[in-house]
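Shared chain: subunit A. Partners: subunit B in the first complex, subunit C in the second.
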Partner chain A sequence: MSLLLQVIVNGLIAGSIYALVSCGFSLIYNTNRFMHFAHGVSVLVSGYILFTLFTLLNFNFYFALISSLVYSSFIGFLIFRIVYLPLQNRKASNVILLIASISLLLLFQNLLQMIYGANVKDIGFTDIKIGYEIGDVIITQNQIIILIISIILFVSLFLFMNKTKLGKNMRAVSENKELASIVGINSKKVSDLSFFIGSFLGGIAGVLISLEQNVTPYMGTMLTIKGFTSSIIGGIFSVPGSILGSYILGLAENLGILYLPSGYKDAISFVLLFLFLLLKPNGLFSSKRRVN
Partner chain B sequence: MIFPYLIHILILIGIYSILSVSLNLVLGYSGLLNLGQIALFGIGAYTSALLSTNGVPFVVSFILAGIISAIFGLLLVFATKKLKGDYFALASLGFAFVIYSLLLNLKEITNGPLGITSIPKPTLFGFIIKENFYFLLLVLIICIISIYIINKIVNSGFGKLLSAMRDNELGLKVLGKNTSKLKYKAMLISGFFAGISGSLYAHYIGYIEPNTFYLTELIFILTIVIIGGIASIKGSVISTFLIIAISETSRFLPFPSSIVGPARQIVYSVILLIILIFKPRGLYGRIDLE
Partner chain C sequence: MAEKKDNGDVDEKSTSKKDKKEDNVETQDSNDKSTTITIGVIIILVLLSGYVYQGITGNTIFSSKTTEVKNEKIKIGYMGPLTGDAASYGHAIKRGVELALKDSQLENVEIIYEDTKCDGKESVNAVNKLINIDGVVAIVGEVCSGATLAAAPIAEENNVVLISASSTSSKIIDAGDYIFRTIPSDTNQGKFAANLLFENNITNLSILYGNEEYGVGFNDILTSEFEDLGGKVVASESFERGSVDLRTQLSKIKKAKPQAIFIVSNSPDSAVAALKQIKQLGIRVKIYGSEGLKGPEVAAVKTAQGLIVTSVSAGTTRFANDYMAEYGLSPEPFSPQGYDAFDALAKAIDDGAKTGPEIKDYLYKESFTGASGDIEFDSDGEVTGTYDVYQLKNATFVMIP
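== the complex of A and B ==
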């Protein structure tokens, strides 16, 4: 029983990080209608900036943290402007954008691997490593922070999308781009904004995973795939659906390795991804829209 | 000194030419945006490696590698027949992920991340092909036959139907053609050739591991096909020459392999991005990649 509880807690923590990635993913998909596989670049950039500024150069932690979020938000925006926008302007199909985004992800992965090496880097921020024992469940301060920050961000994102004018514009563009442009919404600005916000959330995921585990050149690809799988499970058309999908994935992975060898953790998400694409490509929670 | 190295490069060019032309058959000629071809290459390599390390003769493992990969290719299009455009591309990518994780985790069969070592050199008519020069002859013969067959196919009536399906699937359906069947056939053929190129790869290198059949290699092979140009066999072959030559000569650069390896990937990714943005037809492409 206590093992099961611990596994559920671990699943929720993994789910929170996946959710930070997947809600950005889904946000960008909804306003732009293509898969931004290079979303993991924001995760990588924030992790490595934090490592460089805080661990290597001994800057103040909060300065390093804010810098890494600024850089990761900007990198998403720049990718949109430098790569995706020219492709969209020449009416390239979604598959071209998908191939471009996969090669961007590998470009950054290899760039960072060349600069920093392939080995894992420890951030070494020990202030938050204290563990608590609640009943039989062990949880570290950092993990509590992950759970709380992600919930605060999801609520803020919800309020932003539903209560502010900018957020409403974004929703209008994702509902119907042409109609939105007729009523005077600048869809390019909305795309810019979606890349900023999405990449900012990806950057937060990068910081949290770097503190929780380590910094590696492969974490961007891994979290992209996990975030993407979550969005497909929950329904890519719905940001809340993607968030729920992330928790389902986090729980499924952690419950799965109760019965399977731990090496199967990633295999579980790959198989879920493939099955959902085949059988339920709209996901569990998106209501009306069809994929085709 | 230079001669053995030249043979090595030519062998790789032969193997990857078959793979890139097989991918162009589905991606270029049939318009099936298959991102799972690298997995079919891997299935061929593993099939052949596992059979021949268990004593099955080369010819049999080679042909079975083609057949098993063809069957997996068929299963992929059959399972995804309702998906279109980028969702098919994503599902085929998902397929590649699943195959990768199976290779990694079915340790009893595939030996997991350690891979399969000491794959025997091919034996033909009692003659062991130990020397690379003879291996090159074998690869060249198979490569020429494969490309000849694929060239025949794309110029046949069936090939014309495939191109028609790529350009206007609905129109072809209206004319009463069963486009699902066309896709199955295209994928069967493409999977077969991907499988035999995987078999040649396994027997040449002598060692395979799951990472050889993952995202990095996927981008490698996509780069080759897209640089060469969609729906151009000539383009794919020439581009294989160029990319393998760049890749293999970069070994001589005076940097450690921990730098050269990632640098090579960076070069491929940048070339691919530049082609996609500025020259979407590649070198010899007849149509834009859609």
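== the complex of A and C ==
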């Protein structure tokens, strides 16, 4: 029993980490309708800025943290303005944007590796020590913070998308760009903002994941894949849905290997991805009218 | 793929016709979305195939049987991870090779470096490129066992010597006549580790291993040797190379209540994560590891102090001095084996061997004292090495006599 509880907590921690990545990814997809795989770049940049400012240059942690978030937000915004927007202006299809986004991810991954080397980098902000024991379950302070932040993100993104004017505008643009412009919504501005906010969320993910798992140039790719899978499970058309999808993925992977050999961990997530694509391509939490 | 793309084009054309009814537009919009998702999935699969098929042998399309020596210079290839999570091993071996080249004073030899990221696919590409385009007669590499096994059939088919400084999988014994290594097989290390554990009064063991050639092979040998001695393996859990979330594997291990955990990993990312999470989950047992853990990244983990690793020879004192003089570093994992791998080839070339078959024949007759100990290849191209035990103290690995 205690093992089961611990594994559920492990699943929730993994799910929270995926949620941090998938919510920004899905927010950007929602407004712009193409896969921004370079979302991993925001995560990477934020992790490496934190490492540079805090660990290498010994700046104050909170200064380093805020700088990481600022840099990652701007990098996402600039990617949109410098790469995607000119392509869109030339009537490039979403497939071309998708390919551009993958090359950006690879480009940044290799750039960071050139600058910092391939080694694992430890931020060293918190000491590694045994976590809090709650009953038989062990969880560290950092993991509790990750859990809480992803729950806060879930609630606030839900409210943001449904209650605020900007959120409603984003949904309007995502549903019908032309109709949205007719009623006076500036769709370019909405796209700008979605990249800015989405990449800011990616930055939060980068900081928390760097503290939890260390920094490597490859973390962006794997996290983007997991974030994408979570979005498909939860419903890529719904930001809160993709957060719930992340928890489902995290729990499925960890509970799955409780009973199956551990080597199947990644296989479980991809089997899940295929099942959802076959049976419920719009995910669990997308509204039905889009199914047609 | 082409079909999907066509669909996308059609959709775009039809959505551009603005006189369509609204719900109709929505249908096509949705089709466009699902096309994008499908293409996204295809790309994910392509990216993923690297993980899934890692280590599976590929056959060469461009196999050419003849390796001509046109230039005066004899070309030797080097392949290993110079980027990626195993890059530290690749650079250590490369430094060993470069030092050996310098010491050999051979002027007619040129080394061509290829980065493979320890990936089976990449190593197949690299070995094809080295053989067919550069025309090398021998290659130092690969570093990871899976990648060596992927490249071996191609080297064998083209009569090119492949000599690894770090691949320890027991499967390499049967890889072919042209396949050598200057590091002993895991069969020996597994036996050595089992004895060490048993001597330290450990009877309940758990093993955490990487799910690839090296880890799987090591786990099999260690399990059978340890159980032959009368011990019991109470849990053996695996992880994907580079994976950094090992909490559930470790929770299962904790539940099995072992006296010690033996970690087999050639991915520093995963090893560091495992050592951190063992501490975080409050698992208070002795921790042992294979030689893959004996590197700077693991040494820097504060909570890993006390870790005991089994490792092949770290090199002679003379080699350590030379290495320090050249690079300002103490010998890294596998750098003495890298030195010996190139030195073995250099001695053959110095003796007049120019082609793959000539070098191969010389290697089987060769016997010398190298940087890592006595090198004498048996009929399978294997060396018998000795192992030492190291303990991590104050961020350095100290040899335990």
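Here is the rule we use: the second predicted complex is superposed on the first by the 274 of 292 C-alpha atoms of A that agree within 3 Å, B and C clash if a C-alpha of one lies under 4 Å from a C-alpha of the other, contacts with A are read in each partner's own complex, and residues count from 1 in each chain.
Definition applied: contacts are C-beta pairs under 8 Å (C-beta built on N, C-alpha and C of every residue); 3 or more make two chains touch, one makes a residue touch a chain.
Just so you know, these numbers come straight off a predicted model, no measurement behind them.
Overlay on subunit A: subunit B and subunit C clash in the combined arrangement. Contacts of A:262 after superposition on the shared chain: subunit C is touched, whereas subunit B is not. Within the superposed three-chain arrangement, the count of touched residues of subunit A is higher for C, of the candidates subunit B and subunit C.
In the superposed model, A:171 makes contact with neither subunit B nor subunit C.
With both structures placed on the common chain, the touch criterion links A:81 to neither subunit B nor subunit C.
Judged by the touch definition given at the top, the superposed model places A:93 against both subunit B and subunit C.
Of the two partner chains, subunit B is the only one that A:104 touches; subunit C does not reach it. In the superposed pair of complexes, A:6 makes contact with subunit C only, with no contact to subunit B. In the overlay built on the shared chain, the residue A:271 is in contact with subunit B alone; subunit C does not reach it. With both structures placed on the common chain, the touch criterion links A:140 to subunit C but leaves subunit B unconnected.
By the touch criterion stated above, A:131 is placed in contact with subunit C alone, subunit B being left untouched.
After superposition on chain A, the stretch of subunit C whose C-alpha atoms clash with subunit B is 129-137, while the remaining options among 21-29, 93-101, 129-137 or 183-191 stay clear.
Touching of subunit A by both subunit B and subunit C, each in its own complex, is seen for residues 34-35, 93-95, 98, 102, 110, 113, 117-118, 221, 225, 261, 263, 266, 270, 273, 277, 281, 291-292. Subunit A makes touch with subunit C in their complex at residues 2-3, 6-7, 10-11, 13-14, 17, 33-35, 37, 93-95, 98, 102, 110, 113, 117-120, 122, 127-131, 133, 138, 140, 176, 178, 213-214, 216, 218-219, 221-222, 225, 228-229, 232, 236, 253-254, 257-258, 261-263, 265-266, 270, 273, 277, 281, 290-292. The touching residues of subunit A, counted against subunit B in their complex, run 34-35, 83, 86-87, 90, 92-96, 98-100, 102-104, 106-107, 109-111, 113-114, 117-118, 221, 225, 261, 263-264, 266-267, 270-271, 273-274, 277-278, 281, 291-292.
Listed in rising order, the residues of subunit B touching subunit A in the complex are 33, 35, 79-80, 82-87, 89-91, 94-95, 97-98, 100-102, 104-105, 107, 112, 215-216, 218-219, 222-223, 226, 258-259, 262-263, 265-266, 268-270, 272-273, 276-277, 280, 289-290. Taken in their complex, subunit C has these residues touching subunit A: 5, 8-9, 12, 18, 26-27, 29-30, 32-37, 39-41, 43-44, 47-48, 51, 83-85, 87-88, 211, 237-240, 242-245, 247-249, 251-252, 255, 268-269, 272-273, 276, 279-282, 296-297, 300-303.
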